[in-house]
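Shared between the two complexes below is chain A, which pairs with chain B and chain C, respectively.
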Partner chain A sequence: MSKMNKQNNNLSRGILWSLAFIFFVISLLQLDIAPEKLANIFSRTQRLLDNMFPPVIDDPINIAGAAIESLQIAVMGTLWGIIFSILLAFFAAKNMTPHISISYLVKALAAFVRAVPALIWALLFIIAVGLGPTPGILALAVNSVGMLVKVYAETIEEIDQRVIDAIRATGGSPIQVVMQGVLPTISSIFISWSVFRFDINLRYATVLGVVGAGGIGWELIRASRMIAYNEMLGVTIVMFIMVLGAEYFTRFLKQRADLATIRATK
Partner chain B sequence: MTDIFLETRNLKKVYPDGTEALKNITLTFNKGELVSIIGPSGAGKSTFLRSINRLNQPSSGEVIFQNEQITNVKGKKLLLVRRQIGMIFQDFNLIKRSTTVRNVLHGRLGYMSSLKGAFGRFSEEDVKEALAILRRVGLEDHAFKRADELSGGQQQRVGIARAIAQKPALILADEPIASLDPSSSSNVMNYLKTISEEDGITTIVNLHQVDVAKRFASRIIGIKAGEVVFDGKPNELTEQRINEIYDQRGLVNELTS
Partner chain C sequence: MNLPLEEALQQQSNKQQLQYEAYKSRKRSLLYNRYFILGILAILIIWSWVGTKFHIMDLFSGFSNMAIFIFQDLLPPDFTTIPSFVGPILETLYMSYVGLLFSVTFSLFFGLMAAKNTTVHPAVAIVSRSFIAFLRSIPAMVWGILLVAAIGLGPLAGTLALGLSGIGILGKAFADLLEEIDENQVNAVRATGANWYQVIGQAVWPQFKPGFVGWSLYKMDLNIREASVLGVVGAGGIGFALEGSISLFQYQQASVGILAIFALILVVEFITAKLREKII
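Entry: the complex of A and B
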């Protein structure tokens, strides 16, 4: 009995492997990954590297302006995202929502918004409001809402019922319960998540320009259209420094927030 | 108009999961008395207190507070009832990350406009009063510390200060000393008794310790399995009555005899 099972297993494994192999071969042919292209890889890379080095920044003022615009897009997108997320999170959290169906509705909405990538949102907003930083800000704000509503609401749902009881028992109104009881209790967790989201948004903000939503990404595309590989590398290095800088900055903020949390829970 | 300050009539509470926490509680309380409720764990003591200030909605029966039917009041009216009733909790229930004085000021929320209170725009008068109350419970030096930096006994005194800030007519204390060591316990009980006497505030205290109840209360109520099984003066609470309240066998004997 068990022997037959084993044979069956072997058979189905064999079929799976052959299917995977056939798929691989078909893909290879269809995607036109021809052997002569692979053979050219070395000479092409050689040429690319030759053109890239040394990296240059042709118009430093222009690049700096674009980098700052990316930073601004990230800050504004995060800020608006945070504001809307806080408001929506109180409707999404089961222990705060006026009605449970509202909670499900807001959570479903957030899940949908989250499922659509930031670049797609940017393209949609470019259609709606035209090129420039505005669609970038809107795209990041909307994409942030998708994530932050979820994590904020989960934080609120985990809040200690005793905090809520404390303010309710004094005759505090629902909004006073939220502002005087709930928010002070969870603000440090909110801050950690918001800082984390800023980090993500800055990464997006550097590439949003690729589709025309403002910021330094556009400079990358411009350089590549002019086949100025050395400039491309220059812009890429600036992006790299921005992202790295943001990561150090957010790590520093997170450490401080964590310290506060440790103090609060000790 | 009667002299009765607080009354519950046939109060019943069934939790959504079917637990019958209160069966038929009919009790009256007079102005200014310090009453202690004792009873085994799960008897329904907390449920009873929380039914009075409506942190729990009773399933049936009535609560009459200062000649007013408050069993079903809602919205703004409910907030006005609650601000007259201070509550003290076993775990203090302070906002840990806020300062001590802010926690006391929370007692004023029911007297402020909703938005002013939400943003913590307390009047200078309220702040002064809060500091004076902190002095009264011996915590003036800790006013601007974060609440979680205080010891348990100190935190419970902040809880008392918050209740006093409400200028309440009634204080409900749900096992206020269960999380404290013996010396902090008698300290906290002394404050409760002093305030009840000096300010004429009716006080209902749930307690686990019968000896503490006998020492501080002017009247003791025993609750067992959601029913009142004793109501009298501390000296009427004999060893035998205590056993009846706490011992399951007491019930069995009663049923079989």
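Entry: the complex of A and C
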């Protein structure tokens, strides 16, 4: 019996692998990746690299300003994303929602908003509110809401009901239940997800400028349209430094907070 | 002259006093730290608020304009244009898949080199780690722009962009997985006289496999999202058709494109979830 099972398993695994391989071949054919094209890549990349080095940053003040704008868009997008997500999460969590149908509605909405990429939200918001950093902020906020509502609601659903009952039993009002029972248990998970989302948003903010939603992406696409390869590399390096710097900064804050907690609970 | 009992009570209350002092100082340092972080956050937010010239009214006007735009222009979707999106959607899928296989293949190599316990030399590990980190910190979109400049418009640039940024994510994941492998199992297999292939096959692979499959399928989900917007810079996929219809003000056509992306993501996530269940 177990031998037959194993054979069956092997057969289905074989089918799976061959399907994966056939799909790979089809994809290669459909993408039109011909060998001569691949051979061409090397000579063209060689030319690109020759033109790229040394990297230059024309107009450093402008590019630094654009990098800072990207950072600011990420901060504002995350801020509004968090605010709206916290409000919506209480409607989405099954144990807090006024009615179960509202919970399903909010969750379905969040799933849709999450599935549409941030850049497409930016394209739509540019039509709705015009160019500049505002559509970038709104696009990041909307896309963050899609993800954060889901994880916040899941966190709230996992709250220990007995804690809430205990506070309610002492005569606590709904606000006191939230402040004393709900917030302390969910705050650390909320914070770690929000920091994670900030990292994602920062990466999105660097490319939102490609469609004109503010930030450093615009400088990159401008350089590529002018075929200024060395400037493209310069802007890419600025982006790299900005993302890395922000990551070190959030890590520093996190470590500081952890250290203080450890010292206080010793 | 104090009586012994009074003395003992005095001592006890002193002790309590000390404990209370310690408690207060702990509480104070925690509070101080919290204010410090909140202060930094507040400064950051105010700085960004002023820097982007954001106005609280922008929220209301933005969302109300968006709602008007959705209900007046985007809806109802013009479903007669579906055939024009079938090709780009399939192209997005092909790009994600080939990009995934590309990044998995190279990530296995760079992951092996970057993990401390499988690398050929510690210096190689550091070089490999920093290469992976470099690939990771540049978004796929930027790789798309650079590669379109290098090899021209088309899905090949997008596929390579997905592959390169994928090495950044998968390479790190694979290296971390390899470093967490239980050495005892490897040593046990080696002690039976197994050769290198047998050690990899019988001791390393079984421990590595669940993480390997999970991360690769997760990357497939990510690839679909990235691939659907790479077309905006001309790197192939549905983004190109979508941006085209938006810039031609064909919003009812664009809404079909958005729905198509949504459907594609749902289908691929369903398939990867099934595969995850089946393989792990």
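A few comments on the model shown:
Going forward, the second predicted complex is superposed on the first by the 209 of 266 C-alpha atoms of A that agree within 3 Å, B and C clash if a C-alpha of one lies under 4 Å from a C-alpha of the other, contacts with A are read in each partner's own complex, and residues count from 1 in each chain.
Methods note: a contact is a pair of C-beta atoms (placed from the backbone, for glycine too) under 8 Å apart; a residue touches a chain by one contact, two chains touch by 3 or more.
Just so it is clear, the structure is predicted and the values come from calculations on it, not from any experiment.
Counted by residues of chain A touched, the larger count belongs to C, out of chain B and chain C.
By the touch criterion defined above, A:230 reaches neither chain B nor chain C.
In the superposition on chain A, contact of A:138 is made with chain C only, not with chain B.
Within the superposed three-chain model, A:95 lies out of touch with both chain B and chain C [touch as defined at top]. Overlap of the chain B and chain C contact sets on chain A: residues 264. For chain A in complex with chain C, the touching residues are 16, 23-24, 26-28, 30-33, 37, 40-41, 44-45, 48, 68-69, 71-73, 75-76, 79-80, 112, 115-117, 119-120, 123-125, 127-129, 133-135, 137-138, 203-204, 206-207, 210-211, 214, 217, 220-221, 224, 227, 229, 232, 236, 239-240, 243-244, 247, 253, 256-257, 260-261, 263-265. Across the complex, chain B is touched by residues 162-163, 165-173, 175-176, 178-181, 184-185, 187-188, 264, 266 of chain A.
Within the complex formed with chain A, the residues of chain C that make contact are 26-27, 29-30, 33-34, 36-37, 40, 44-45, 47-49, 51-54, 58-59, 61-63, 65-66, 68-69, 73-74, 90-91, 93-95, 97-98, 101, 134, 137-139, 141-142, 145-146, 148-152, 154-156, 159, 225-226, 228-229, 232-233, 236, 239, 242-243, 246, 251, 258, 261-262, 265-266, 275, 278.
On the side of chain B, the complex with chain A involves touching residues 53, 55, 79-87, 89, 91, 93-98, 106-107, 109-111, 114-115, 117-120, 146, 148, 162, 166.
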